[in-house]
């Protein structure tokens, strides 16, 4: 950064300090995203091609994302990344704008992940799936027996006691616990929670740590843990080059399918730009960059994503049809059940 | 202090600071207290957030955990820092003391977020400590240091040893050296002189440092979040969870009010050591 | 003699403990591969290149310096004015005023940040660097006040009185007599406030949106992938801080000599 640029920023900052209000030039796109969208490799080409700036704010979990929107002024946000199953929650609140389906590569997507039941309403498309993957078992081949990793029962047994880390996000791990006791993630009710909690407590008793995205990677990479509950390509793929022993399995009980969508805000002041951004992310180039983002890797929703053979091998692109058959969606609780699940998660974290 | 001038200049000068504190500290706190009484998703006014805290073991457990960790951190830090401050003040030659202090403070010029992360790497199974111990044959298998309460405590103690060393050192330097001599002349042995004379005189330095340690440690989010491995939750982590996961500002406010109450009790307990005096 | 050896060993252990994470941090910032853990494969400047070409980090660095500079200056000025007023003028309930101004000193940063977040939300104000700046003044104002107030002695009051007797107005007394006499305290409070603002995380984390400070950007980076880039960023912060500390030493030392 040149001295002049610093001076300019200094001037801008002092104006900001005095004026109390943020200045927002016309050509900025405000995106509420997950951390994979913050990668300059993804954003730079779009910014340069269109001469705009993309501002990103990261959040975790639909509840927190919707809370941020609620506390903002209408028009503050242009696009949002959201769990595909939660697109409807935004639609019900009147937040999203329908997308022009004919100008998006819907036909090129893996059919299992378009999730029209959740991303469409009244025949209109409000969200388009951009990336997906699995919350399943991530592990270190050199230290954990791949045969054991074909069943969720290994996670609650004694063999891997003290060798396990659990991904700190309640929905997918609750989904895995549900599958471990033979329940369907889509049909969970409050009555299922006690049995799920029991399974979770067994996993917790085996676990060394309950870790966020990067701590999960760190745990596997540094040998803190050999098995990651809730892990998958999103944690192992990005570091597979450095440590080829890191892998993931889809156990016989199945795995939780995560799927993220892009949606556009009804109150956006830059709808054309917002739609262009969505088109860019869904294009083969955008899809490849998103799939291999620095924060985490994942399967591109678009089958035509411009990935090279090595990247496809790491993501196990060819095996997807088989994986998708065995996968179940995220649990999709209503707000009351969601609070109960979160409280249960807090209890599990606090359990000694 | 007789007859201080009584005119508008004083008011004029004190107003900016006073107004600023009222507007951006007292008012926000009151706002938070009020908000905590209007639970998210509830019907208006109610004490549900507080009922939830005291009724749900996984919530109040966070406060107990916080108090335990903070107490351990404070005690360990004092025990480690006191001899160190003593050595700096009495053994190290006068002209090197400043340099010795500077050296002790130096590592804390790194970013505090990065420091915690660095401890994680130091303590990991493949980390420096385990590798060194195993390399030297002292260990046959790595021990779990990272992702535990012990790691959180180590991360905290690292910072507070430095802080307490500074407050205790400052206090030791204020003691006239002939106190000890006088005690010795009166027949007190070194241990007795320390317990009956030096220790009581350095209590203010210990208390100031202990209070700072308590306040800063009990409200800290980064250290337990990075080092604790979520094997237990401390109160700040629970507060951040309310915001980050649920967007529940009302519940987060209630927990903050509880944290504030705990800190206030600590303040009142140590208030007589913490007077701000003019020279 | 024995006591000296025990002392030396103890001091060496404490220094070792204090320096351990920083030494490891700096060492592995020169790591050639992706993981900042043993074995060491280096030295390589790869990650420094990555940090310096990351615009979010360089922006965060500039933002941090600006916020630290502006908020410490404002906190020092307000702290100075209020300390002077309370030390030199008769004010009703002055003990209470002093209590209110120093109150934030006894509160966790998390509470201050939460309070401001809740208030700005209720008032409909967006999160911004400006909001975080306000938070930084809240934490630093009582500190500046306490430092400067503690240095206001009686002999300075006499000199001020003499200046007034010679016909100087209040403003001239303040700027030409009091401030220069208190220069070391003013500088110390500015410097301390700068340090606290520079490394503050939770308030900035809660109150900023897109433009944010370096500690928050480092936190984001930490969450965005494990690699020695974090080490490199931390080492650079270390370097910048040491330069600042040396500048402080030189300025303060020169003043003492003069």
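Labels A, B and C are assigned to the chains in the order they are written; within every chain, residues are numbered from 1.
Criterion: a residue touches a chain if its C-beta (ideal position, glycine included) is under 8 Å from a C-beta of that chain, and two chains touch if they have at least 3 such contacts.
Please read all numbers here as calculations on a predicted model, not as lab measurements.
Steps from subunit B to subunit C, minimised over paths through touching chains, total 1. Ranked by distance of CA centroids from subunit B, the top chain is A. With each centre defined as the average position of its C-alpha atoms, the distance from subunit B to subunit C rounds to 17 Å. Chain centres here are Cα averages; for subunit A and subunit B they lie 36 Å apart.
Counting partners per residue, subunit C has 37, 121, 222 as the residues that reach two or more other chains. Contact with two or more other chains is made by residues 121, 124, 126-127, 226, 243, 249 of subunit B.
Annotation for subunit A: residues touching 2 or more other chains are 71, 218, 222.
Subunit A contributes residues 59-61, 63-64, 66-68, 70-71, 162, 168, 170, 207-211, 215, 218-219, 222-224, 335, 339, 342-343, 346-347, 349-350, 352 to its touches with subunit B in the complex.
If you check the complex, the residues on subunit A that touch subunit C are 1, 6, 9-10, 13-14, 16-17, 20, 22, 30, 35, 38-40, 55-58, 71-73, 76, 212-214, 217-218, 221-222, 238-239, 241-243, 294-296. Touching subunit C in their complex are the following residues of subunit B: 4-7, 9-14, 16-18, 20-22, 24-29, 31-32, 35, 80, 83-84, 87-88, 91-92, 103-104, 106-107, 109-115, 117-119, 121-122, 124, 126-128, 131, 158, 161-162, 211, 215-216, 218-222, 226, 236, 239, 243, 249, 252-253, 256, 259-260, 263-264, 267, 274, 276-279. Across the complex, subunit B meets subunit A through its residues 41, 56-59, 61-62, 65, 120-121, 124-127, 142, 144, 146-147, 226, 229-233, 238, 241, 243-249.
Against subunit B, in their complex, subunit C makes its touches with residues 3-4, 7, 10-11, 14-15, 17-22, 24-25, 28, 36-38, 78-79, 81-82, 84-91, 97-98, 100-104, 106-112, 114-119, 121-122, 134-135, 137-138, 141-142, 145-146, 149-153, 170, 199, 201-202, 206, 214-215, 218-219, 222, 230-231, 233-235, 237-238, 241-242, 245.
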